[in-house]
Amino acid sequence: MAKRKIKSVAPSSPGKGNRKQSANAGSNGQSNKSLRVQKTYKLYIGGKFPRTESGRVFKLRNKNGELLANICQGSRKDFRAAVVAARNAQSGWAARSAYNRGQIIYRIAEIMEARKAQFVEELVLMGYSMRNAEAEVSTSIDRIVHYAGWADKYQQIFSSVNPVASSHFNFSVLEPTGVVSIYAPTNNGLIGLISTIMPVITGGNTCIVLASQSFPISAIGFAEVLHTSDVPGGVINILTGKGAELLTHFSTHKDVNAMIYCGDSKSDVTAIQRNSTENLKRIVLYRENDWMLPASQGPYRISDVQEVKTTWHPVA
Amino acid sequence: MNIDTKSKLNFNTTWSYAPALESQDHIQINKKYGHFIGGKFVAPAKGKYFKTINPATGKAIANIADGDQSDVNKAVRAARQAYQKYWSKTTGAERGKYIYRIARMIQERAREFAVIESLDGGKPIRESKTIDIPLAAAHFFYYAGWADKLEYAFPNRTPEPLGVAGQIIPWNFPLLMAAWKIAPALAAGNTVVLKPAETTPLTALKLAELIQDADLPPGVVNIVTGDGKAGEALVNNSDIDKIAFTGSTEVGKLIQQSVAGTNKKVTLELGGKAANIIFEDAPIDQAVEGIINGIYLNQGHVCCAGSRLFIQESVANIVIQKLKDWMETLIVGDPLDKNTDVGAINSKNQLKIINNYIEIGKNEGAHYYESSCALPDNGGYWCRPSLFTNTSQSSRIVQEEIFGPVLTVQTFRTVEEVIKKANNTPYGLSAGVWTDKGSKIFKMTTGLNAGVIWANTYNKFDPTSPFGGYKESGFGREGGLHGLADYLKFV
Amino acid sequence: MPPTTEIKSPTIDKVGIHERAARLMSRSIKKDSKMMALKLALNMIDLTTLEGADTIGKVKQLCNKAIHLHGNHPGLPHVAAVCVYPTLVRTAREALKGTEIRVAAVATAFPSGQAPSEVKIADTKFAVGEGAHEVDMVISRGKFLQGEYNFVFDEIAAVKEASGEAHLKVILETGELGTYDQVRKASDIAMHAGADFIKTSTGKISPAATPQVTLVMLEAIRDFYYLTNKVIGMKPAGGIRKAKQAIQYLVMLRETLGETWLTKDYFRFGASSLANDILMQIIKQETGVYQSADYFSFD
């Protein structure tokens, strides 16, 4: 079997003379080609693609002001439904063997690799240079592979057998904290999304992610990848919408165990930290600007959303 | 509980199982195989071949290159080149991706590998399909993930590869042993020369074909087939940085002698004579199943086999009775029959060794019992599952490794007594403990001198779980985080 | 009969049971051994209807199916029994007159068993009086889970006495007992108290019969046999719809207990739709063609 080759498709440029452009691969808008079917972008909740229950959308435009897509403006009710889905999926996801989770995560990478061209084009459509888009998609895929390999290993480096002074066998293990809400980085379309989601699910948690408001399209493409790989519905739920509107619910909902915030607003951080006291939500802040660097991946991102459980048993 | 001999169960039933043979249509075995050196199959230097035999029929399957010193030297040169030119310059992440390819392709071609494994080695297709092949794939998958994470595995140390590893593997789990050796070596950044066992080279050679398909840089993995002289040449080659050997204690000691005074690192995984210990408060039926798994599956060709059964005296009779009844349900037969429990003994030679020990046992005064199953009558190498009672600690059959489906039985009274008896052996690979009481489990694991202890289970393997022995069962660990250390040096 | 404190039940390792069951379920039963198993399984079925909505008409139809499984197809064994509520035993006996097919009745406030002992005894006597050959009783799970093992034991013994000549099957309702240790304990109590058969479930809750819980009960029967030389029968009930499952249960039976138990006298399937699936498989074995449900009367 030869090296897997990726079929590259010529990137689309915003059609000359077309007022409305859907953010799809392919045509250059010439009138003698068949008319492109424009894509409807939905949310991804519980393994399904519903529209937002609020019926609202916001317009995503390219730098020339041309319309790229109508993006669902997710509501607090969508978030509520997503939390239910995430909670329902969590115990089953955590109960799978680490090996199984690792295989499933690796398969996400397999599927994404095959659809590399689509992701590159979508980033370009949203304003990336071709070079940056390709680099970001490659790094994203490699990062997924990286976390696939952590699934059955982080336990080995973070757990311990503790030599207590009494005649007991004493061991500490990590367990997933449960349901995690994620406010993804806003300054990029894909790498921030991948970098926040992957360590969370590698460790057996489930999550609800708010995609970048400025670069939301890749998130829905990613949802499609998840849907066609073996990730059970509800493990990753993806919402698009306005951060200002949803931040309160992401940080107050009492059935969410932890929140990851990647924005840069001090007032937001203060608000989140205050809100987290509702249920003693664990707050994780990631402040980097450049998510492409190796420093943005690693096992500590997994342990950031894990609890430590210690068990004693007599030796007699 | 006293067993009334009237209460014997009858497993010789009117309803029996028709043959359910696994299909062979889809597999491909060449008539002749060369060595796999520098990414290609090459003829042996002296042009000599030997036959690999199907132990279920005694018939030849294929011609295999007979490796000698010049073949080995060529392979080591290819490995060294590949290390210097490619592999040491490949990032961990890239190494990992290559190894992931191998894992996934084994999964894709699992069925073909399983059938060939059973044909070449004699183990039942059910074991090849459900244990050997999936575990081999899992091993590659696990270590693929370590390749770019070595910096986390050893606090305050910077790990580096050793260079070229020479690896010699046995015939009892051929593909799995190849995976146990190759996967961590590659993940750690080494290149390898592997010498599969003389009687089971085929799945290693199929793995070589798969490695070509995965586009691994040529020379990263090399395979030289042959017998003891190829292994010896590999051990003595001056450009090898590390030797990893799994096999008999006898040969392990020879290897250790050979490398004395050189700078070669060595790990050895050798023989065992594991104690499988049943307490009165054990879940008895599951324990009996565990005894069976421990000694009769894979024909007893398992270094960590539970070959010395210790039963707490108060339940000795019932356990032995249940064991004998259970043995009657074991089907000895064609390895390719999906219902076979016990396949063919791996070689004529091994069958001779086993039968010899059975004679020794009888001559020592032990009481011999074998199951009454039929044996195929077709030129293959067959042995019924058996056990010896009325044995003693000093019997040769209790002291020495038989490596066949033969169990010795002893009794004990207390925890202290059985720990002493279990440890009273130069071996120390594994042990089994069966009891419902948690504190007793931990007491036993604290006291037993063995590298792997199974509590309320037996013969369980996982790529994340380190495996290896104490004392003369060898040193070094394979599997898990600990399995990485032996393929690295620390600067 | 020993007080329950003298009945020693061993601990059961769940992981070990699941592994043993998985190995047994991986047996590949083909060709003539498959045909033999299919016919044996068919012969072991207790064709069952236990609905609140059961009527005379429903039961007559069921008995008709029991007698004529598939038209005039030669070589088909008949089912072992039909299983109905006590109020319909008379109808069943009438409909099955002249055949060897037995009539089993559920009794003792089936399925919950939440009734005073007097009611349960009366229920049993009524069923037997109506002509039931076999009685399927339920144990008091509430009492069992309260630890009142002597009560459970005495109740079974009393129902056994009330059953007279009829065979007694004791339903443990394994899905409510929690652990395999509990299932083992309940099995042992039932056998010591006089059960002729131990049975997994009422079929009214989930989980009903599973291969794993069946294995636990077969091993209990084996130990009882070693102890007393008595042969106790076993009946998994509920959730067994496919011929393949039935064959897996037979493999488990064969390799745990052996020849003596491989007969309807000591093993039954509590099922209804299983019969048609077995018939489809039998015809497929004979003709080589996959069948459709359209060609088999559903009741």
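Each chain gets a letter, A, B and C, in the order it is written, and its residues are counted from 1.
As a working rule, contacts are C-beta pairs under 8 Å (C-beta built on N, C-alpha and C of every residue); 3 or more make two chains touch, one makes a residue touch a chain.
The shown structure was predicted, so the numbers you read here are calculated from the model rather than taken from an experiment.
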item	value
Label of the chain whose CA centroid is most distant from the centroid of chain A	C
Nearest-to-centre chain - CA centroid comparison	B
Centre-to-centre distance between chain B and chain A (centres being mean Cα positions), rounded to whole Å	42
Computed distance of Cα centres, chain C from chain B, in Å	43
Where chain A and chain C are represented by their mean Cα positions, the distance between them in whole Å	51
Chain B residues within the chain A interface of the complex	93, 96-97, 100, 104-105, 138, 141-142, 144-149, 152-153, 213, 215, 438-440, 442-443, 446, 463-464, 480-481
For the chain C and chain B complex, residues of the former touching the latter	10-13, 15-17, 19-20, 26-34, 36-37, 40, 219, 222-223, 225-227, 229, 250, 254-255, 257-260, 262
Sites on chain B touched by chain C in the complex	1, 3-4, 6-7, 9-20, 126, 130, 281-287, 289-290, 318, 321, 329, 338-339, 436, 456-457
Interface residues, chain A side, partner chain B - complex	1-3, 98-99, 102-103, 106, 142, 145-146, 148-153, 156-157, 169, 298-299, 313-316
